[in-house]
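Quick one: this structure, given as structure tokens, is what I'll be asking you about.
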Amino acid sequence: MSAELDSLYQEIILDHYKNPHHAGLRDPFGAEVHHVNPTCGDELTLRVQVTDGTVADVSYDAEGCSISQASASVMSDLVIGRSVEEAMEIHHTFLTLMQGKGQVEPDEDVLEDGIAFAGVAKFPARVKCALLSWMAWKDATARAQEDSHV
Amino acid sequence: MIEGLLPELDVIRKDFPILERTLADGRPLVYLDSANTSQKPQVVIDTMVDHLERHNANISRAMHLLGAESTEAFENGRDRVASFIGAPSREEVIFTKNASEALNLVANTLAWKGPHQLGEGDEVVITEMEHHSNIVPWQLVTERTGATLRWFGLTDEGELDLSDIDDLLTERTKVVALTWVSNMLGTINPIAEITRRAHQVGALVVVDASQAVPQLPVDLQSFDEESRPDFLAFTGHKVVGPTGVGVLWGRREALESLPPFLGGGEMIETVRMESSTYAPIPHRFEAGTPPIVEVVGLGAAVDYLDHVGMEAIHRHEQAITGYALEGLAGVPGLTVLGPLDPTRRGGAVSFELAGVHPHDVATVLDTRGLAVRAGHHCARPAHARFGVQSSVRMSSYLYTTPAEIDALVEGLHFTRDYFKVS
Amino acid sequence: MIEGLLPELDVIRKDFPILERTLADGRPLVYLDSANTSQKPQVVIDTMVDHLERHNANISRAMHLLGAESTEAFENGRDRVASFIGAPSREEVIFTKNASEALNLVANTLAWKGPHQLGEGDEVVITEMEHHSNIVPWQLVTERTGATLRWFGLTDEGELDLSDIDDLLTERTKVVALTWVSNMLGTINPIAEITRRAHQVGALVVVDASQAVPQLPVDLQSFDEESRPDFLAFTGHKVVGPTGVGVLWGRREALESLPPFLGGGEMIETVRMESSTYAPIPHRFEAGTPPIVEVVGLGAAVDYLDHVGMEAIHRHEQAITGYALEGLAGVPGLTVLGPLDPTRRGGAVSFELAGVHPHDVATVLDTRGLAVRAGHHCARPAHARFGVQSSVRMSSYLYTTPAEIDALVEGLHFTRDYFKVS
Amino acid sequence: MSAELDSLYQEIILDHYKNPHHAGLRDPFGAEVHHVNPTCGDELTLRVQVTDGTVADVSYDAEGCSISQASASVMSDLVIGRSVEEAMEIHHTFLTLMQGKGQVEPDEDVLEDGIAFAGVAKFPARVKCALLSWMAWKDATARAQEDSHV
């Protein structure tokens, strides 16, 4: 039981939860979105700045549980500075991990601290928490790109 | 031997516990009322029981193990239904309480602000062969918005009279709502062709597939875009599933263009006292606790049908219907309402028996263990069109045997004798 | 010994098969999420199975033996529900798909022509402690008709703030809609008193009894006329019945004054293409095939509760809730939202645990087999009122034992340790 | 099976069905109602004339099955010429018989030809047919009385 819990609440997650990276809304940004987990009411405002096809910045303001907060922190670490294409691939890899019901082996080279979320996949009720920031990021990035194409 | 029957009919019949029931005098039950509601195979009942005894919890909102299991079972039902009808996306499958609610959902929301809001000068086109559930919602919304209700008439053979289609479908037409298979006449309508024509004038097309989905292999993805309806409704209890659940499939953009229907838990994103925002489809149209165990049962039901195979079920229905039409033709004074070619109709066969009121026919048959329906089958206008007030209807399904049709024909001869009709 | 517990709690627990389920590590299930949905006794499951295996048929419309049996079972469900809530007449009991539909039925139809039609200048009054299902329908109908939505606020103790009742209830007030028992705070509202005041200004009163009917003995006939609500809604799955069925009780004249809601089969008298006439209540509001097996199951459910006795169940809930409040008070950093006197509240207890997010609390408890709810429990405005985004909620029912409460309290201590909260 | 049928379709019923009494709408009348059996679509238009507290006349136009037609005929025979009060009592007796599931012994003194409907009570699906004309009569009589009190 404690082992099961420990697989969910890995040290990395608790560290990011207590000291989230990139938190706080910043300028400049190309798009801002507000996402809600309607199940529980967790809310997230997230900004993305895309410059020349690169995720120049991600910043956010989140109210939520350890998993959703830590996920926002890890996600920002992973995507900032990447090309949108690379970042989308990381997003895809993370999504596959989350939907794998604990059967997918995480790839540390791609996911870095994100591998700590492997245990979340075994808690279906918490998968949404881990995905909230990623979904918001994807949405915001799409909008930022749309705008930059106008 | 009749061609097209399901090869393992005996085995299939064993799946349906109610078919083992014997009635008074030890007569076996002969259930010929499947267009009204279908019987349920053991696997559907067992799946529901297992859910209630081991996994019952509310969905989405619940954070615990049972909640996760229940949510997964429920959403798996959505996957199963989506694949059963070949829906382009699982999110386009909305669960309602029955087909009637699904049809009302569309009609009702078109009264409110949105890109398709109805108003004076707009027209809604239905047909004279609709079930009341695809007539009354359109009467209500047209009365309430000032729009006009128009309809296709029927030919003497019981088919849609399309001769005035150019007059009916105009740029004023905002919605065309029609049944795929008639529950009274058995007629199969040319859905793709009418949809294409309706789309040319920019109308939304709502198809009542309550009798089609149980009988025909339905694959929405096989339609090309212009001829694919915008909405399709059917009901769980006619596809060997439980009562309490229906389905509205809608093209994503069409669904997204509708304002909210019922408001409440599950369909929201954020609620403030001043105003709320709404969840994306499908949840946007699923207010409150959904029919959880019913969706779980419906998933098992369409799995069962898939397992037997919809092509095979369709052939079986055609074979039984052909055999029934032949048998009925041998009963003096019997007139079938609707098309007589079994390859071009569904499995509901309505008829009159000269000299005996449909009620009395049904009662006599009932005392012989034969369950048929008497009345207007919720299609009073179609009855009025043929100048009759009511009729007797027999309707078969995958478990119906030729012997049961023989029993019906015999019962009708007996009925004539009993009432001394000459 | 705790006073007020059900004397044969062990026997009652045996009636609920899911309670025998063991989870990972062989831990027993501790189900403390009954305000979300209740578990089902064997008799409810068995009654549904028997119906599906032996009596399944569509109702009313069917003329045969199975149809008659099914109709009788269904209408017997209506009798049982009517007697369970002391309805003045069985015809005042309408079956919907859940409580949300019941509330929407009233809100939605008030948009249309009729004696109570809403419009500009009219006001609808709700409260800040409503479930989303009793907020959103009123937001939708007021937005759509130009009426104004107003609401009672809450005191710091989690009770209705009635200090501005004279300002809120005026001759402009057309509807007052409020919950009897809060699903988040547990608060029991003075329904009779508020109804009397609302009736004085001529408003209709709609009571959301989703949490009241499972817990309190409800006897509508015991209210005097002025203080008896006009409508009362509740849901099957919270009274040990199945999903897919809800109840709207309405005073006959109030129901008869509402225009039709969903149109279709069963709710009509005569249908012509040009226009239709409608059946009398209750069928007028039951379009399409109703939740037949669900109503049969609900009948068995309320019979079961009657058999145990609602007075006894109420005492049990109070005893368990009192014991829980005591136990929770011993957990450092724990704050209960809502009234603290167990004799003046229902069985849902929401709380915060300083330093640990409700989700994380729920997950830790879940790994110990404890099922509680975390989130806003479909009552986001009430959470906002208390400045919190979400909370943990435990809710008991007739099968809950003091040992389960002990397990919860122990689990909360463990949670604090696990997250190193000091 | 035939015995069961014979208990439903008694000679008296079939006679009334073939030769209904009081059929055809007549003047004068105090109230006219139109009742429908929504299950099957059977329709009945019925007129009642009440004079000095007596059911002076009942006439009707019915489309329906043997049971509903015969019932209209027997009902008219039973109530015409009675005081409204007496007729209501007969109505009540008939209703009790119909709702008795075949357990109620019919009273020939009160119901006369109406006792032939005892068998109908065993066919729940047909009870509505037998009651259609009685319900219409009760409704029409109530309206006729209301109007005469105005």
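Which chain is which? They are A, B, C and D, in the order written, and residues in each are numbered from 1.
In this text, contacts are C-beta pairs under 8 Å (C-beta built on N, C-alpha and C of every residue); 3 or more make two chains touch, one makes a residue touch a chain.
Keep in mind that what you see is a predicted model, and the values were worked out from it rather than measured.
Q: Keeping to the contact definition above, tell me which chains border both chain B and chain C.
A: The shared contacts of chain B and chain C, listed by label, come to A, D.
Q: Using CA atom averages as chain centres, what separation in Å is found between chain B and chain D?
A: Centre separation, chain B to chain D: 37 Å.
Q: Measure off the straight-line distance from the CA centroid of chain A to the CA centroid of chain D, and report it in whole Å.
A: 74
Q: If you average the CA atoms of chain A and of chain B, how many Å lie between those two points?
A: Inter-chain centre distance comes to 44 Å.
Q: Which residue numbers or ranges of chain C touch two or more of the other chains?
A: 61-64, 67, 268, 270, 359, 362-363, 366, 374-375, 380
Q: So which bits of chain A are touching at least two other chains?
A: 39-41, 43, 123, 125-126
Q: According to the definition of touch, which chains form touching pairs?
A: A-B, A-C, B-C, B-D, C-D
Q: Chain B touches which residues of chain C in the complex?
A: 17-18, 21, 23, 29, 31, 33, 36-37, 39-40, 44-45, 48-49, 52-58, 61-67, 96-101, 103-104, 107-108, 112-113, 128, 131-137, 139-140, 143-144, 149, 151, 235, 237, 242-246, 260, 262-265, 267-268, 270-273, 275-276, 287-294, 359, 362-363, 365-366, 370-375, 377-378, 380-381, 384
Q: For the complex, give me every residue of chain D touching chain B.
A: 1-2, 4-5, 8-9, 39-43, 63-68, 123, 125-126, 129
Q: Show me the residue ranges of chain B that touch chain D in the complex, using the header's touch definition.
A: Interface residues on the chain B side: 24-25, 27, 357-360, 362-364, 366-368, 374-376, 380, 383, 389-390, 418.
Q: In the complex, go through chain D and note every residue touching chain C.
A: Of all residues in chain D, those touching chain C are 36, 38-41, 43, 123-126.
Q: Okay, in this complex, where on chain B does chain A touch?
A: Chain B residues touching chain A: 60-64, 67-68, 71-72, 266, 268-270, 279, 283.
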